[in-house]
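What follows is a short report on a single structure.
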Amino acid sequence: MSGKPKIAVYKLSSCAGCQLEFLNLEPVLLDVVGALDISYFVMAKRDNAPGPYDIGFVEGAVTCGEEIAKLKAARRDCKTLVALGSCACFGGLPSIKNWEPQREVEARVYSELWAIHSTKAYGIDQYVPVDAYLRGCPIDKGELVELIKNCLLGAAPAWRFPAVCTECKIKENVCLLIYENKPCMGPVTAAGCGALCPTYGKPCEGCRGPAHDANAPSLARIFGDLGLNAADVTRYFRKYAGTTPAFQEGAEAL
Amino acid sequence: MANPYQPAPVKILAVQRETYDTTTYTMAFTDPDRQAAYRFAPGQFNMLTVFGLGEAPISISSDAEDRASFQHTIRHVGRVTNAIQRMGVGDTLWVRGPYGNGWPLAQMEGRNVLVVAGGIGLAPLRPVIYYLLNHPEKFNRAEILYGARTPADMLFSNQLLQWQTEKVKVRLTVDQVPNGDAWAHRVGVVTTLFQEMDSQPANTLVVTCGPEIMMRFVVKGLMERGFEASQIYVSLERRMNCGISKCGKCQLGPKYVCRDGPVFAFAELTLLPEPVLV
Amino acid sequence: MAVAKVSERWAAMSLVPKEEVGLLVDGLARHYQVIGPKQKGKAFVLEKLASGQELRLDYQTSILPPRKALIRPRETMFSFHDNQVETVQDAGPQVLFGLHPCDVHALTLLDQVFSLEYEDPYYAARRQQTYVVALNCTTVGENCFCYLMGTGPTLRDGYDLLLTDLGNEYLVEVGSDAGEELLRHLSLRPAPRVRVVEKEKRLDQVRRQFRQQMEVTEMREVLAGSYNHPAWRELAKDCLGCGNCTMVCPTCFCFQVKDQLELDLNHGQRVREWDSCLLWDYSLVALGHNFRPQLETRLKQRLYHKLYYYEDQIGTPGCVGCGRCVTNCPAGIHPLEVVARLKGE
C-alpha cells in the first residue's frame, strides 16, 4: 500500500464496544494514527471525508434493509473490508433473537411495530464478500493492530484459530470445566483473546465463535453430563455464534 | 554457540520470470567466505526468511557444482513467497541451510534414471538433471517426463529441450492447451507419458516430485507397470517451521521429513502406519 | 553431569526434617532461581518460589510440565531490524525442585530431542544451568501410570539430588557432582543406614499400589496393527481437538515459529510457541492443502507419536505415564484405555 492507507469505520446493529476498542488503542494509537489516515469514523471525529477508502471496518450485525444498503455502499467504497467484532462476523449477541419468532422479539423491544422491518441478525458476509474478520465481543486490540500491520505489509495475517484452551493452558489457569464442573465453551471457541474469561475465573462464553474444526456436539454432550438440560445447552451455543454451522451443530446436539 | 535458527543474508543477483506465478532467483551469501564454503546436494532445501513475514522451506534448483551462487525457483502463493515476488536484483533475503537428505545420486551409477516431475516439482529435480548432464558416465540412460497445467506453466521452458542428449530423453505434456497456444507435445496428465516412455522397470531408478496427488498417480502407474516400491524415490512436502528436526511439524511416522527426507524411497513410506501417497 | 561413584553416594546420604525442607529452598534460592510446586486454586503449578514456604511437596502433579522451564510456552528466538539479527538468550542458573520421577524422565527424553543432529541453542543453554532436585513418589495420583511405562514411581538417575519422604523427614541422595555442589550450599545431617533401608520398604509399598494393566511392548504391538481400527472414528467423535492433552504433556516438543513486527515495520522478533498436532492447521501447507484434515488422523498422530513413533525416534516411549493428559482432557480420553479399546477389550 503506498502512502498512508485511508480508513473508514462503520456501525450497523451493535453496542459500539468494538469501535471503542479502536479508540482504546491508546498506547499504540499514536503509532496507528501515524501510519493510517482515519478518514471516516463518526464516533471519533466530526469532519469525515468521503470515500473511497483502503480499509473499511464494519461493526455490528445486519438486522434490517437500511443496513444492507449501508453495507453494500461500504463494500463499494473500500478496497479491503473487515468485519469488526463478533456481531459483524457472525451475528454476535443480536443473533440470539434469530431463534424466536420475529414479531415476538420486536414486540418486546419496540412499541410501534409498524415502523420496524427487521430481518434476522447475520454477519456481514451474508450480504457482501469480506476480506478479514476480527472476532470477539469486543475485539482483541492486539489482533486489530496485527491486522493493520499486515495490511501495511500487503500480506494476509497468519492467524490460527485453535481452541481457547490452548491459551488458557499456557496461562496455566486451573481449568473451570475440569476442576469446577462449570460449562466452559473454551474447547470449541477460537483462541485469540488470551483466554480472557477463564483467566478471570469465568467460563468462556464462546464470544469469538467456533475454533477451527471445532467438535461442538462432543462439548454439548459434556455439558449434558454436567447436568445442563438440552435447552440450556442450546442457549450456550446460540449466545454469539449460533449462525455458524459448527455452533449450530452444538445447539442441536442434545 | 552458533545458532542454527539464525539465517544469514544473501543478495539477489538475478531474477528470471518462469511463469505468471513462479520466478527463479539467483543469489549468493553476502559474506563471500560463507558463499565459498556453501555446498548442497541435489534435492536439499533452504529456509528462506523475509523478516516480519516469516520463513519458508524452498528447494535449491541450481547446479550443485556452481559454487559462485545458487538458485531458488519460487511459486508465489502466500506471505513469504509473495513478499519475495516484490524483491529484485540487489535486494537482501535471509537464508539458512542446506537441509534434508537429497536424491540418491550414488545409486544411479550404472542404472537407468527416470525423472518424473509435475509443475513446481521440477525445481528440486533440476539439480539432478544438471548432475546427469555433467556426468554422463555416472548412469546408463535417462528419461525426463515433465507435465504442467498449460504450456505457459512450464518451468525452465527455454532449457527443457536443450537437456536432450544422446543419453537423456525429454518428454513433455500439459493438462490443457488454451486456444491459440502453440504446443508440439503431448496433452494429458503426466502419467499419460508412461505410454510412450522407453523406461522399463529393469535396472531403473525413478525420482519424482510434484503435487501430492500427482505423485500418488505416478507411483500407482509405475507399480502397475512392474516397478517396485524400492525403485521409486519421492520428494515430500510437509509443513516446516524449523528444518532441523525440532519443531515436530513435518513428522511422518517416526521420520522427520526435514531431516530424514524430503526424499524417501516409496518402499520406506509403505512401512509407516499412516498412509502416504495411497 | 558426571555421576559420583556409588560408595561416595552412600556417604553423601543425608536427612532433612520435613519442617526444614523450605529452608533448603531458601538456601538454594540465594544462588539459583528455584522453581517448584506451589498451589494454584485447586491445582498445583511449577513456578518460581518466592520462598520455601510456598513449596508444596505434597502436590500430585502440576498443570504444565517442567519443560516450560526449558522451552517456554512462548519465547523470543532473536530480534531483527535494519538488516541486523541478534539472538536473544535468557538462560540463568535454575533449580527444578521437587520433580516427580516421570517428569525427570521426560526431561531426559527432551534432552535427546533437542540435541539429536542439531542442538537447539535455547534449550541447551537453559539445560546446562538447570539442576534437578527430584522427589520419589510415596503416594500415587489418580491418573498416574508411570510404573507401567517404567518411569516411576522411583528414580534411578537423571537427578542431581533426590528426596524421599520418610514420614517426618526427607532422605536426600546425591546423584551427580552438581548435586554435591548444591549440597555444599546447605547444612544437612548424615543419614543412618536404617533410614536408607526404610526408604526401600516405603517405595516397595508404593509400587504395589499400581495395577499392571499392560506391558509397554504390548502397546506397540497393538498400535502397529490398529491404524484403521474403527474405534478411532468413535474416539474422534468425543475428542474436542482442543489441544489440552499436548499442552500439558511433559514430552511434547512441537512448536510454531512466527515473526512479530512492530508498527514501524522494521523492528521485530522471531518467536516460537508451543504447538499441538491436535490442531487443525498443524499439517496445513500453502494453497490450503492439509495432510491431516480430519480430527481422527490428528488424534492418531498424538497417540502414535507418544506410544509408538517416539520410541523409534529416540529409543524410549514418548509417554512417561504422568497422567496429565488424562486429568486435563474434557472428553476423558486415556491413552491406556485407547489401547485397550484397540485391543478389543
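Some observations on this one:
Labels A, B and C are assigned to the chains in the order they are written; within every chain, residues are numbered from 1.
In this text, contacts are C-beta pairs under 8 Å (C-beta built on N, C-alpha and C of every residue); 3 or more make two chains touch, one makes a residue touch a chain.
Not measured: the values here are computed from a predicted model.
Chains touching both subunit A and subunit C: B.
Set against one another, A-B and B-C show the most C-beta pairs in contact at B-C.
Subunit C has its Cα centroid 38 Å from the Cα centroid of subunit A. Between subunit A and subunit B the centroid-to-centroid distance comes to 43 Å (mean Cα coordinates, whole Å). The mean-CA centres of subunit B and subunit C are about 39 angstrom from one another, to the nearest whole unit.
Touching two or more other chains at once are residues 52-54, 78 of subunit B. The set of subunit A residues touching two or more other chains comprises 153, 158.
Multi-chain contact residues of subunit C (touching two or more other chains) are listed as 256, 258, 261, 265. Every residue of subunit A that touches subunit C in the complex is listed here, in rising order: 28, 31-32, 34-35, 145, 148-149, 152-153, 158, 160, 162-163, 165-166, 169-170, 172-175, 177-180, 186-188, 211-215, 217-219, 221-222. Against subunit C, in their complex, subunit B makes its touches with residues 1-7, 9, 51-55, 77-78, 81, 92, 94, 212, 237-239, 241-242, 244-249, 251, 253-254, 259, 273-275.
Listing the residues of subunit C that touch subunit B in their complex gives 77-78, 80, 83, 85, 87, 113-114, 116-121, 124-125, 223-224, 227, 253-259, 261, 265, 268, 270, 272, 275, 277, 282-287, 289, 291, 297, 300-301, 304-305, 308-310, 312-313. Those residues of subunit C lying in contact with subunit A across their complex are 40-43, 45, 63-64, 73-74, 237-244, 247-248, 256, 258, 261, 263-265, 273-274, 276, 279-281, 293, 295, 327-328, 330-331. Subunit B makes touch with subunit A in their complex at residues 52-54, 78-79, 82-83, 86.
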